[in-house]
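Let me begin by handing over the structure; questions about it come next.
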Amino acid sequence: MKINDVILRTISRIVVFIILTFGVYLFLSGHNTPGGGFIGGLVLASAIILLYLSTDLETVQKSLPLDFKYVAALGVFLATSTGFGSIIFGVPFMSQTFAYFDLPIFGVTELTTVTIFEAGVALTVVGVLVTIIFSISEDGG
Amino acid sequence: MFSINLVILIPFIVAALLPFSFRRFKKNHLGWFVLIVPTVLFVLLARLIPSVADGKTYIHTYEWIPTLDFNFTTYLDGLSMIFALLITGVGSLVILYSIFYLSSKESLQHFYCYLLLFMGAMLGVVFSDNLMVLYVFWELTSVSSFLLIAFWNHRQGSRQGAQKAMLITVSGGIAMLVGFIMLHTMTGSFSIREIIASVSEISDHALFLPAMILILLGAFTKSAQFPFHIWLPDAMEAPTPVSAYLHSATMVKAGIYLVARFTPVFGADEVWFWVVSIVGMITLFWGSFNAVRQTDLKALLAFSTVSQLGLIMSLLGLGSIALQFGYSADSVLYTQATFAALFHLINHSTFKGALFMVVGILDHELGTRDIRRLGGLMALMPFTFTVALIGSLSMAGLPPFNGFLSKEMFFAATVHIMEVDIFSLTSFGIIFPVVAWIASVLTFVYCMIIVFKVFLGKPQPEKLDKPIHEAPIGMLISPMILGALVVGIFFFPNLLGQYILQPAMGSIYPTFGDSAYLTPKISAWHGVKPELLMTIGVIIIGALLYKYLKLWKPFVYGFFPSIFTFNSLYNNLLASSVRNSNIVTNRYMNGLLRHYLVYIFVFFIVTVGSYLLYSRAFSFDISTNASFRVYEVCLVAIMAAAAVSMLFAKSRITATLLNGVLGYSIAIFFVLFRAPDLALTQLVVESVTTALFLLAFSHLPDWKKENLQTRTKLINGIVSVAVGLIVVLIGLSVVDFNQFDSISSYFEDAYELAGGANIVNAILGDFRGFDTMLEVVVLFIAGLGVYSMIKLRTKKEDENIEDQ
Amino acid sequence: MSVISAFGIIRLPDVYTRSHAATKSSTVAVLLSLTGAFIYFWVSENLVSVRLILGILFVFLTAPVSGHLLTRAAYRSKVKLTENSSDDALKEVLFPEDK
Amino acid sequence: MIDKILLVSLTLFVISIAIALFRIIKGPSMPDRAVALDMIGVNLISMIAIISIVLKTKAFLEAILILGILAFISTIAISRYIERGAIIEHKSDN
Amino acid sequence: METLIIMLIGILVAVATYLILSRNIIRIILGTAVFSHAVHLLILTMGGLKQGNVPLLKEANAPYTDALPQALILTAIVISFAVTAFILVLAYRIYQDIGTDDLDELRGAKDE
Amino acid sequence: MNNLIVLPLILPIMVGVVLVFLRPYIKLQRVFSLLTLIVTAGISLLLLNIVRTDGIIRLDFGGWEPPFGILFVADSFAMLLVLTASIVTAICLIYAFSSIGERHEKMYFYPFVLFLVAGVNGSFLTGDLFNLFVCFEVMLLASYVLVTLGGTKRQLREAIKYVVINILASWFFLVALAYLYGTVGTLNMAHISERVAEAGQGPLLTTISILFLIVFSLKAGLLLFFWLPGSYSVPPTAIAALFGALLTKVGIYALFRSFTLIFYHDTLISHTLIGIMAAITLIVGCMGAIAFKDVRLIVSYNVVIAVGFILIGLAVGTETSIAGSIYYVIHDMIAKAMLFLLAGTMIYLTGKSKIDEMSGLIRNYPLFGWMFFLVTCSLAGIPPLSGFVGKILVGQGAIESGSYILLALAFLSSIVVLYSLLRIFLNTIFGETIISLEDEKPMKMGMIIPIVLLGIAMISLGLGAEFISDYVTDAAHTLANPSVYIDAVMGGNK
């Protein structure tokens, strides 16, 4: 029984991009406004979930040929290694540094190691969520 | 310099080497090789006899755990010398005997390894000055004797006996350990010498009595005193050399050693006197009483050992009364009981060792130890018979054997004790000579049983599997040496008294000055005194009783059906504890998660709730609260409604959706309470959770109506309401408790400190970034776990073993 | 502007009786209140919130889709679960299905 | 004045959520519930908007957008579930 | 307000407890989920309610509301999500392999 | 500041993550995970010595001074436990190499074990109460996964109980944490302690302390151990051994930490309660230990007994008894790991799990049999094996403070332990052999070596108690005098 999902698919295509943008925005702005790595990751993940919802497993897999376990592992690795980096620099573990740069387009921008950390968090969240959902639905088939 | 520590260690070292090196020796030579150890040790120790007899002592200390005052201190004095000589001397003989007894098909390396372990441990017990080290060796003797008893572990009986011995002696050991610790608490020292030195300070201490009782428990279990004697007969499952060694000369004597060693500490106490002597007396009687009924020779000897140990124990108890009086000419009289104890100790080792070996020979050569199947062996096994005769008569207390001497002294001591006028002995003192005499009569009877039933009478070759023949000469050497000693000591008792017993007396009565006064001249004839009359009485009555054994034996012993013995008490105790534990444990560990949870909740309610009420911790003040608006009340009402209706949801989707509603409403609260990040996260997580639920639902059955009994529902209801209530009460009190400011004002400088304007995020990413990192790890584990849980399934064949 | 939003909201409760209509009216309410908020921030803080515009856009886009999906889902599930007491509006959907 | 109106409107929103909740609890059919949930989500969006006016903060604007996204996604998910039993499907099923 | 919220928490906890005591796995899981909601609210309440502004330095002025509990809750939310996901899958696997969702049927073989 | 302190946690995590990428290379995974644990053990040894010479050291993460940031505090107690945990895990891993099977290994067995260790180490080291919760969760989730790994019916069945009870405990933890935060407004344990002292431990704080007691008791298996026997007896041997050695110890650690550092003012209620709970635990554990014939169950209930015993040291609360408990914890970690490995090997060798179905293993596997005897003696507290020093010190403390009932129960329990294990020993190891030469499964070297290693550890811990006595005394001193810890944490930056 094939269900016609044309409306859904059409609208999803637009919506997914809105969500993805928004997710990245949340992730980046987290330090000053609500948001941050975790929420950003969740939103990104929900975009992917929306893709799964509107189409099917195989299609998404084809268009996103990633093993999300590795994505998650990479995330954890990033998150921990920022902490680990500080060991190399001889400061207490997890020391974060930040600096302000005057970049041409963006104006005064803050660059911090927290961002890398948050990126790790976000990646993990995306990876884990997709892994979980993917494993369940794949298994149930 | 020669060190006593080395004496202890040598057996251990050799024992450790044996399992690795036994292949180098041809099997039968192993025993010869091992024999060197005790012999060398014996000689080494014997060389020290003269100097020890002069009152010299040897102390050596090696540090083990100095922080805790556990030091490997050895102390060689007269008392330990006696025991050490017995251990090594009898040990040599037993090993010699075992070379012929055990066939080389047995796993000899194990046997000798255990035996050496045991020997080392025993030496350690008698030489240790530090109580903890003494305890170490004490338990080692339990362990190694366990191994020895279970040497033929394919036999059910061996295993049972070993288990019983181990359990009882280790229990006693643990009691003793507690006693030792109490002593340490009182005196601050683990050293026996120091404790003895400070004895006057502790005798009023509240722990003095418990410590004494506990240490005595240890001694009694080890020495098989009533009612702990039950392990000893069962331990006879061991190979006979083991029985000869453990149960005549060494292990059971450890308890005696302990009592003797602690006499200077506790001996002045009335309780000590009564407990030690009464328990000894009961054991003496009970052992001899039971020995008569046995038909297994080894069991008979076992009970006789019990009885003799009781005798020695009671003598030590009687002797302790001397400490009541301090040192005076009168009190020396009472120390003779102790002297008799030590003397009998040696004597017992000699004749009992000999007897065990004889029984071993019978068992080995004829294949049985059952009295009913033996008889008339005198002519066929003349050497064996001689040794048996010497041993039995000595045990019965007849001249010209050493048993006679010590038995006489025993009677004398009991008679003396009647005349003491403390501890209300004048009224009760009479029991000592009476019990002693009755027990001696019984002893006489069973000694006659050994001699007459086994060796005299008609031979019964038809009941035996093997032809009757004399044992090989090697096997006879050891019992004959012991037999010779039995006779030798009778004729030269004072040699022993002067060189060996006298210094030991000095150790037991350190406050009594020159020990030479404490050592009476031992003589076989000292006029017609009560003790001699008693001995004659024993012989006459005993002979009569033996003659009419058939008449009274069934009658008397019929009163004591085996149900009421301590043995069956022990067995029932174990069996019923296993059974009851099973019932109880299965009752509450019934595999129902609900029950477990109810237990946990009820525990929570009971402890926290009752404390809350009891301590009046609850306080409540609404005035500090923030204001609230109408719509907020409505929201709360909605959430409550949603929550409660979850309970009655007919389908799981409804419940899940309601859970979603709850989550969303909480997000609104987060908004109201100014927590934007939380609101965001809560919303997303809630949705994802709901989605997950839905995902999982497609693989799960729709839920059935719960058919719970009203009672269950009621319990659940009460429990949940109570839990909720307690949470509310504490919560309200906590809100009312406004003593401290939160540390979070610090974080308001987040922008300067961490370069973030969003405080929450600055905390998450920086101040408490570590939490976040771990939280990510948690998430990752969950994700990976879900994956592997779904992917990894058991194949059918694996399931069978695991899931039976 | 808040009056407008309030207006949108007041309409809601009484419209609820018909389940499908709910989606439409509440969407309107949302759009109205969002616009209200947008205007508020614009007026009071002189700030054009991109996020609010995005939000309005998003709701505008997705509300019909979800409404559609839900209706269809209802339709389909009704086909499967025949004997279900339901109100009038749903009964119309219950005509015989091709399957 | 404005405060009062906002308050009234908030209360009304809450009431409408309550009614929706009643629908969820009562049913009678699954789609009814789904619709009600959707409605709750949408109402929440409005509420947050109004609350942020009340609190005079822009902090919750992200929440509005997220709620919009999620209301959409979860509605899709639920409708999928009601429709097909599974919310994500394999191509091979079709 | 605090009192009100604490009452609500109490109700939530009671409901969660009742659910956890059921026999059905799904109800138990829902119970833990409700419990986690209650706990999050509790942490927030314990930090004090409505006592300041949104903890965003650039958007509002001091005093700020206590930000620490919020951070804690965020962590707790993530963890509760992870746990819920895991236990859901566990329930699903149990149903697949053992064929029941009723804990009374999961007692396990008794020993002896 | 000393970044070494974080390594026992971060190293396993990072390596664990890396191993996820190395999924197909099992050999590499083995080497890496073992190496990590050995390095961790080395680091903790190093730290232990630093602590001895320099006193307690701490690491403020991100450089945020306490009480604001999270910090790791390394005192002797924590480091001793970390050291033992790492060593025991390493040995269990060696066992796992030959027993766990390739399918498990490919399903991220090693990462999970490493995460478990990380969580355990983190719980030992952290100086922040909320961080303790998070570390608990790391450990618990890893343990959830490990319980279910393999997915046999029994595992799933027991796992659900284990997971639900532990989730409940976690939420209770948070409830207690929320209350505590509401009252004292801080999360750093030393700071909490300061504030509690300042406010005086009134009824309310004592109520909260009871809540914590319940939470940690659930984790430690003190009285509320219902999850324990089931979940310990179902997973594969190496995992069960890890659980037996590590899981309850974390709860025990938390109990010790919280009731010596934070809630030490009103000992009347809390310590009496702990005493009662420990006593009941001992009794019930003893009954459980002799009630069953299944080796795994007997062994699991022995864990319960040990928990009761160790907590008696806390209930008594003198410095001596605490030192005894510390000795005993260390001993118990080693001995329990060994016991579980032995029980598992026994089942592997015979294919049976009831004691009356096996017999005479010593004839087929003598070394194995002796190892079992060794562990029996050690657990019964027979000197000079490892259990004995701890037992004496606990007893000494109990006598000093006059807690005779606890004393009696503690020492009686060791007799029951002896009986329960002797039952196994005499029934299965001794006796006529049931395995004929043809049926005899060869004992894998990979199985017997770790057991022997643990046995050696046990003997040397007993004979060489002097080597750790400095550390233990120091640890007990710190526990008995909370000001030492507080000063180290709150007193400026080192």
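We call the chains A, B, C, D, E and F, going by the order they appear; numbering starts again at 1 in every chain.
Definition applied: contacts are C-beta pairs under 8 Å (C-beta built on N, C-alpha and C of every residue); 3 or more make two chains touch, one makes a residue touch a chain.
Note that the structure is predicted; figures quoted are calculated from it, not measured.
Engineer: Give me the chains shared as neighbours by subunit C and subunit D.
Structural biologist: The shared contacts of subunit C and subunit D, listed by label, come to A.
Engineer: Using only alpha carbons, which chain's centroid is the nearest to the whole structure's centroid?
Structural biologist: F
Engineer: Measuring between mean CA coordinates, which chain is farthest from subunit C?
Structural biologist: For subunit C, the chain whose C-alpha mean is farthest off is B.
Engineer: Going by average Cα coordinates, which chain is farthest removed from subunit E?
Structural biologist: B
Engineer: Contact counts by the stated rule: is the higher one at A-C or D-E?
Structural biologist: A-C
Engineer: Quick one: report the Å distance separating subunit B from subunit E, using the average Cα coordinate of each chain.
Structural biologist: 49
Engineer: Any idea how many Å lie between the Cα centroids of subunit A and subunit E?
Structural biologist: One centre to the other, that is 25 Å.
Engineer: I'd like to verify one number: the distance from the centre of subunit B to the centre of subunit C, where each centre is the average of its C-alpha atoms, in whole angstrom.
Structural biologist: A distance of 79 Å separates the two centres.
Engineer: Report, in whole Å, the distance between the mean C-alpha point of subunit A and the mean C-alpha point of subunit F.
Structural biologist: Roughly 37 Å separates the two chain centres.
Engineer: Pull out every residue in subunit F that's touching 2 or more other chains.
Structural biologist: Residues 13, 17, 20, 61-62, 130, 134, 137, 141, 144-145, 148, 151, 153-154, 160-161, 164, 168, 175, 179, 181-182, 187, 230, 292 of subunit F each touch two or more of the other chains.
Engineer: Using the touch definition from the top, which residues of subunit A touch two or more other chains?
Structural biologist: Counting only residues that touch two or more other chains, subunit A contributes 1, 3, 8, 15, 18, 22, 26, 32-35, 38-39, 43, 46, 49, 69, 73, 76, 80, 83, 93-94, 96, 128, 132-133, 135-137, 140.
Engineer: Spell out, as numbers or ranges, the residues of subunit B touching 2 or more other chains.
Structural biologist: Subunit B, residues with two or more chain partners: 582, 586, 591, 593, 597, 672, 674, 676-677, 680-681, 684-685, 687-688, 691-692, 695-699, 727, 731, 734-735, 742-744, 747, 757-758, 760, 764, 766-772, 775-786, 789-791, 793.
Engineer: Among all the chains shown, which pairs meet the touch rule set out at the top?
Structural biologist: Final set of chain pairs in contact is A-B, A-C, A-D, A-E, A-F, B-D, B-E, B-F, C-D, D-E, E-F.
Engineer: Can you name the residues of subunit F that touch subunit E in the complex?
Structural biologist: Touch residues, subunit F against subunit E: 130, 134, 137, 141, 144-145, 148, 151, 153-154, 156-161, 163-164, 167-168, 170-171, 174-175, 177-179, 181-182, 187, 230, 292-294, 297.
Engineer: Help me check something: in the complex, which residues belonging to subunit E touch subunit D?
Structural biologist: Checking each residue of subunit E against subunit D gives 53-54, 56, 59-60.
Engineer: Contact residues on subunit E for subunit F in the complex?
Structural biologist: 20, 25, 28, 32, 35-36, 39, 42-43, 45-47, 68-69, 72, 75-76, 79, 82-83, 86-87, 90-91, 93-94, 97-98, 103, 106, 108, 111-112
Engineer: Under the definition above, what is the set of subunit D residues touching subunit E in their complex?
Structural biologist: 55, 57-59
Engineer: Which part of subunit A faces subunit D closely enough to touch in the complex?
Structural biologist: Residues in contact with subunit D: 1-3, 8, 15, 18-19, 22, 26, 33-35, 39, 43, 46, 49-50, 52-54, 56-59, 133, 137-138, 140-141.
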